[in-house]
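Structures for review follow.
The same chain A turns up in both complexes below, where it pairs with chain B and then with chain C.
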Partner chain A sequence: MGNSTPPTPKQIFAELSVELTGFDRAELAGTGMIDTYYDTLLRMIGEREAGQLLRFASEALDKDRTEKMNGTAFRPAVIDSPRFGPVAVSLIKLWYLGMWYPLPAVYRDLFGSTADDVGHVVSGQGYREGLVWVAAGAHPMGGKPPGHGSWAEPPSLLNPTP
Partner chain B sequence: MTTRTPEPIKDLTELKAALQLAVGLELSTIPVYLTALYSIKDGTNTDAAQTIRSVVMEEMLHMALAANVLNSLGERPSVRPVTFRGNQVSPVPVYPYTSPLVSGIGELALRPLSTEAVDSFVRIEHPYHGETDPAKIKCPKGGYPTIGMFYDAIKAALESTKICKDSDFTGARQVKATEYYGGAGELIEVTDRKTALAAINKIVDQGEGLPIERMKQQAKTVTDEDKLGYGWQMYSHYARFRELQTGRRFRSTQTAGETPAGSLLLVDYDAVQPAQFVKLNGDITGGPEGAALNEFDLAYTRLVDDVYLAFSGAEKKVENKLEPSGKQSKDPLPLAVHGMYALKNRAVALMRTPIPSSPKHTLCPRFHYAATEDDRKKLRDTAQQMRGQSR
Partner chain C sequence: MSNPDYDLVIVGGGISGAAIAKTVVEQSAKNKKFPRILILEAGRATALSADKYDTYVEAYHEALIKVPNSPYPASASAPQPDVLDIRPLKDAHGKPKIGDQGYFVQKGPMPFGSDYARSLGGTTLHWLGTTLRMLPNDFRMNETYGRGVDWPIRYEDLKPYYERAEWDVIGVAADVDHQYYPGIEDDDPKKYFRSKNLEKFKNGVYHFPMEEIPSSYLDQYLAKHVDGMTITLPGMDRDEPDHEFTIRISNTPVARNSTPTTPDYKVVGAAGNADRGQRCEGNSSCIPICPVQAKYNALKTLYELIVRYPYQLKEGEKEGQRARVDIRSQCVATEVMHDDGKVTGLTYKTYYDDGFKPTDHTVTARTYVLAANAIENATLLLASNNAANRSDQVGRNLMDHPLLLTWGLLPENVGAYRGPGSTSGIPSFRDGDFRDARTAFRVEIGNWGWNFPENTPYTTVLDLVGGGEDGKAQFYGKALRKRLGEILPRQFRIAWELEQDPEARNRVTIDDRYRDALNKYRPVIEYDLSDYVKASLPWAAEASRQLFAQLGMAEKRRRPTYETGDYSHYDADDASVVQYEGETYCVRGAGHVVGTHRMGDDPTTSVVDSHQRSHDLPNLFIAGCGSMPTLGTSNPTLTMTALALRTGDKIAEELSK
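Right after this comes the complex of A and B.
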C-alpha cells in the first residue's frame, strides 16, 4: 500500500482483520466477506466507536510496521484494551465462524450497547466462508462440497499442493 | 491467403500423436469456459451458468473419450510435448493460447463472462469458427483450419486398415462409464475400431467438430443417447452458446444457422466479477495476491497431473501418516475430481480479490500448467516470498 494516500476505513478494517485472524489480505478478500463484516462492525458498535477502533488500530499497526515492533504496539492498543479488546474478540469469532457473538456484559456496562448487538448468523455466505474450515483443513458441512470419497483423504492441510 | 489442403494422417505413429494433441485440445477449452463460469457472482445468471457448465462437463467427457481411443491404441496420454509432422507441440496450453494445430479457433483467452468472451465461445464451437468458407482460414503447415477437419482426419485414419490393424486396438487402460458423470453423453470404452469411431463421433456430435450441414438442421434435435435422466436434451455447444450470445432461446422449429427467436435468456453481464487476466511474470503482482495466483497455478498443475496419471493407468503415491511406510497408493481419478472442486473454490476466491494496483479489477486465475519441477519450485518459492511481503 502506498504511503501517499491515507488508507480508507475499509482498508484499515482489512488490515486489522489480517492482524486478528492470521490470514493474509488476499485470503480475506477471497472470502468476499470484507464489505459485509465491515458493515456488521458499524452496526454492532456504531460508526463513532468503530471510527475510534480503526484509528487506534491503524496507528498501532503503523507503529509496529515502521518501527519494527513486531506487534508490541498493537497488542496493548487493541487486544488488551478494555474498550477495543472485546470487540476484537467478537471480530475474530465473526471471521472464523461467520457469526456475531454479542459483546460481554462487562463491556456493555462501561461502553453501552446497540440494539443489534445480539448473537446472529450474519449471512449464509459467512458460514460457507468461515476461516475455521480452512484453518482445520476441512469444509463447511452442506457447502463447498469437496467431492465423493474425499473423506478418505487426510485433511488438506496435511496434504498441500505440489 | 494460402490454400493448403490439410494433410491426411499417414501412419499409426502420426495418428497417436494426433490423438495426444486431441486430448490436449479438449483440455485447452476448459479453462476458457471455467473462467467465465466462475466469474459469475453467486446466485445470479443461473441460466448462463448452467449453459457454460453443461458445455464444460462435456469437454471433460471429450477429453476422456480421446484418451480412451489413444489408450486403446497402446499409447499412454502424456503432458510431454509431441512431435507432430516435425513440429514440437505441447498438449497443455499456456494462455493466451494460439493453437499451432488448428488455426481457425484463433486466440484462446481467459476472460470473465462478457460479450467478448461469449463471442469467442461461439467462434470456437462454430463448424468454420465464424467463417463462411473454411478455405478462407489459413491452414498452418502440418495443421488444420478447423477442429472439424482435424477430427475428420483422425476418423479417416481410424477407418483405414492400412493405418491401424484390428489388432492395434488393445482396449487398454479405459476410463469406464461407471465413473460418476453428471453431464450429457456417455463415456465409451474403446475396445475395437467401431467403438473408437463411436468415441470420436461423440466428440464431434456434441462439440467443436460440428459438421456444417448441422447448421441446416433443427438446433435442438439430437441423438437420443444424449438425453439426461431428467429429460433435458443435449444440443450442440454452438447452439447453446448462440443462445447465450443473442440472449434468446432457439425455438424448436428453428435451424442452428438461424438467429434464436424464442424466449429471452436473461444474461446479466454486470453480475460478474471484474477479473482481469495478467499472465505469469506479466505485470508483477506481488504480495499475498501474487502468492494466491501462484498457489492456484500449483493446484491446477496438480490437477492436470492427476488427470493424466489416471488416464495413463498409474497409481498415485500419496503421503499418509497413518501408514507404516508413510506412503499410500491411490487411484488418481477421484483425487483429480477432488482437485476440481478445490480449484473452483480457489478460482472464485481469486476473482473476489482486488488487484492492489488496479482495485477496480480482481485477480483472474492463470491456469498456468507448470511443466517442469523447476517451474513448480519457482512458483512455490516466489509464493512464499510474496506472502511474506505484507504480513
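Right after this comes the complex of A and C.
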C-alpha cells in the first residue's frame, strides 16, 4: 500500500478484486459495489475464512508488486489454491454478472460454506453494475441507456483480431 | 335487461380492450353519445403510475432468470403461463406425458412455447414492439395458394384501420421507402402503403407518425455484406424448380418513439409521466420491459381513458354529459351468461390476496367484449356452457410463429448488446409461389448477441471463467476482460419466424381436473406443427447456412470454444424438438397467441364475423389475435389493433342507435 498503515481488510478486498477482474480501483469504486461485495464474501464463507483469503491474497499481491513478479505469486497462492481458487471464481462471476454463484461441493467438503451460499442476484444495482457490460463495450440490458440512435454508431471497442 | 349496469363491459385490460374502449368513446362522442364502460382485468394494476412502473424494472434487474414475465408477478388467483414451465412432454421411456407443472396443461405432442402476461396492460408490457402490416396474400391464403382459409376482409379493407392503429393508438416509427416486401403491387412500398385518406395524406402518399428507428450498426454491417446476394433454395422434388431469393435488409416498423414526422403528431410518453419515454433511449430490453415506456404499452391508452373519462363524476357533473370508464383489476371473469341467443350477464370473482375470501359479482351491459387474450377468451367461452360455439371452432386453430434460431460468431466486432431487440429484418421469404408447398417466414435480425439462444452474456462469462470440479479460474483479470471484449460484440443471431397454418387439432380445451386457485379452468392445450410448417425448417436452415457462409461463418462451432463460425445447434432432448426428414430442429415460441375464435362469413366454420362479433350471440364481440383466421408472417399485435378499431367503430355505431 506504500505507506506504514497496514491496509484494512476492505482495502485488500478491493485490491484482490482489481487483480481478479482486470478493472482498476477507480472503475470498481465507480460501481459502488465494493462494500456490498465485501459483505457478500463474508456472508458466503464467514469472517474467519474470508480473513484467511485476504491475508494470503495480500501477501501474494505484495510480493508480486515489490519483487516485480508480474502475477506469478498471486496465481499459485489464490487462483490455483484448492482453498481460495473456488472463492475467487465466484467473486469474478459476482463482479462481472452481479450474481453469486454457489461454491462447488468439493470446496464445501473441505472448507464448508454458509447457508447463504446459494445462487442469487445480490441487488438490482449489482446487475446494472455488472462488469461484463463494460467489457462488451455495451451497457446493462434494461439500464444505463446510451441514448437514441447510439446503437447505429460504431461500437466503442476496436475490432479484435479473430 | 331494462337497466344494464353499463353500456359496454370489456374483459381484459390489454391493447385490444383498451383500443376498443378508446374507439367507442371517441366515435360515440361524434354522435353526442357518452357510454359508460367497464374494463375487467384479471391481473394486478401495479403500474398505472410511473413510479410503480419502476418497481417492475427493479424486479427485472433482480430476477435470477430473466424471462419475458420476470418483471410481472402473477397471483395464484390469476396465474399466467411462463416459458420456464416448458418441459419435454415425454417420460424417460419416450412415452407421451402431460406437462401440468405451470399454468398451462400441455398435452402435446409439442409444448405450446409462448406465454402472455396477466397484468393490467397485458402482454404489451413485454412485447418487442414490431408493427408490420400483413401482406395482401396473407388475407387470401386459400384463394392464392390453396392453403388454410381466407379472411372475410382483405388488406385494402383493413388498411384504413392499420393507419389509425399506427397513428392514433400505438405510434409507429418507420420509413415507407425502406420497406422491401415481396408480394406487393409492383414491389413498390409506396403503392402498398398508399392511403385513401387524402385529407391527411396529400395525394395518398402515406407516411408514419414518427421517423424510423435507426438501423443498428449490426444491420448496417449485414447490409454491406449480404444486400443483393441471392439465396437459392431447393424444390421438394424434381417437379419443383429451385427458388431464388434476393436478400435485402429492411428497417422494421416498430412501436418505439422517435422524432415525429409532422408537427401535428404528439409523441406519447410514459403512462402518468409524459416527459419520460419521448424517444427510445437504447435500454436494450424491449423484452421483458422498456424502462422508460418509449415502446408502446396498453397502460398508455388505459391511463388516457381514466384521466379523461374517470368513472367518478366530479362535483357539478351530470350523468350523460361525457363518457365514463371504469377499470377494475383483480377481477377474473368466470362465465358469460347467455340465453335465447344473447348474452344476459357476466359473472366474475374479485380476489384480494390478503386471506379474505374472493367475492362473486354479476354485471350486465348492452354490449359485451371479450379481449382477454386468445387462450383466455377460448377458455372462458368453453367454461360458459360452450358459449358462441355452434361452429365447434372455439379453442381450435391455435397458432404461433415457431422460431428457428440460428447464431454465429462474426469475424468482426458488430457492437452486439446495443439497441432495441431488433431494428431490421429480411422480408424476402414472406411471400411467394413456394407457399403452396411450405410456409412463409420472416427473418428477424437480433441485436442482443446470443442472449436468446444461449443466455449470454452469462454463459460466455461462465465459459471463460470456468470453475466447477476444477475450481480454478481459466480466465481472470485483464485477460478475461480483453477476451470478453473480443467475443461478445461479435455474437450474432437470427430468428426465422415461420407462419403456422390453422389446424383444428391444435386447440385449447377445459378439463374438470385442472383448475386454478379461484377454481377457474386452466387452459388445456394440444399443439403440434403440420408438415406444411415443418417443410420450411430445412429451408430456413439452408438459407441460414448460405447467409452465414457469405458472412464468413461457415465452420460449425460449439461453446465453450470461441472462434468465428456457425454455432447453431439443436439438441434432441430439448422440450421443443422437431424431427423432420432425418434432421433435428428446435423451435421457440414467439409469444404470438393466435386463432382460437377465428373470423369468417360462415357461422358453421367460424366463431366471429369480420367485426369480431359472435355469430351466435350478437351482443358479444370476441376480440384479439384469436380472431385471425391465418397468421401471415407479421407479428400480430398491429393487425389485432386494426381489428379492434374496426370493432370499436361498429360498437359505437350500435350504441348510438
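Here is the rule we use: the second predicted complex is superposed on the first by the 155 of 162 C-alpha atoms of A that agree within 3 Å, B and C clash if a C-alpha of one lies under 4 Å from a C-alpha of the other, contacts with A are read in each partner's own complex, and residues count from 1 in each chain.
As a convention for this text, contacts are C-beta pairs under 8 Å (C-beta built on N, C-alpha and C of every residue); 3 or more make two chains touch, one makes a residue touch a chain.
Please read all numbers here as calculations on a predicted model, not as lab measurements.
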Combined model on chain A where chain B meets chain C, clash or fit: fit
Touching partner for A:E47 - first (chain B), second (chain C), both, neither: neither
Chain B versus chain C as contact partner of A:E67, first or second or both or neither: neither
Chain B versus chain C as contact partner of A:Y96, first or second or both or neither: second
Dominant contact partner of chain A by residue count, chain C or chain B: C
First (chain B), second (chain C), both or neither touched by A:G119: second
Angle, in degrees and to the nearest 10, that opens at chain A between the C-alpha centres of chain B and chain C: 70
Partner chain(s) touched by A:D35 [first = chain B, second = chain C, both, neither]: neither
Touching partner for A:A26 - first (chain B), second (chain C), both, neither: first
Minimum Cα separation, chain C to chain B, after superposition on A (Å): 5
Touching both chain C and chain B, counted on chain A across the two superposed complexes: 125, 145-150, 153-154, 158-159, 161-162
Touch list for chain A against partner chain B, complex: 1, 18, 24-27, 29-32, 125, 144-150, 153-154, 156, 158-159, 161-162
List of chain A residues in touch with chain C within their complex: 19-23, 71, 79-80, 82, 85-86, 88-90, 92-93, 96-97, 99, 101, 104, 106-107, 119-121, 123-125, 127-128, 131-133, 135-143, 145-155, 157-162
Touch list for chain B against partner chain A, complex: 42, 180, 287-289, 291-292, 295, 298-299, 301-302, 305, 318-322, 334-335, 337-338, 340-342, 345, 348-350, 352-354, 356, 363, 376, 387, 390-391
Parts of chain C lying in touch with chain A, wherever the complex brings them together: 57-58, 60-64, 66, 214-217, 220, 258, 279-285, 289, 291-292, 411-420, 423, 447-448, 451, 457-458, 461-462, 465-469, 471-473, 476-482, 484-486, 488-490, 563-564
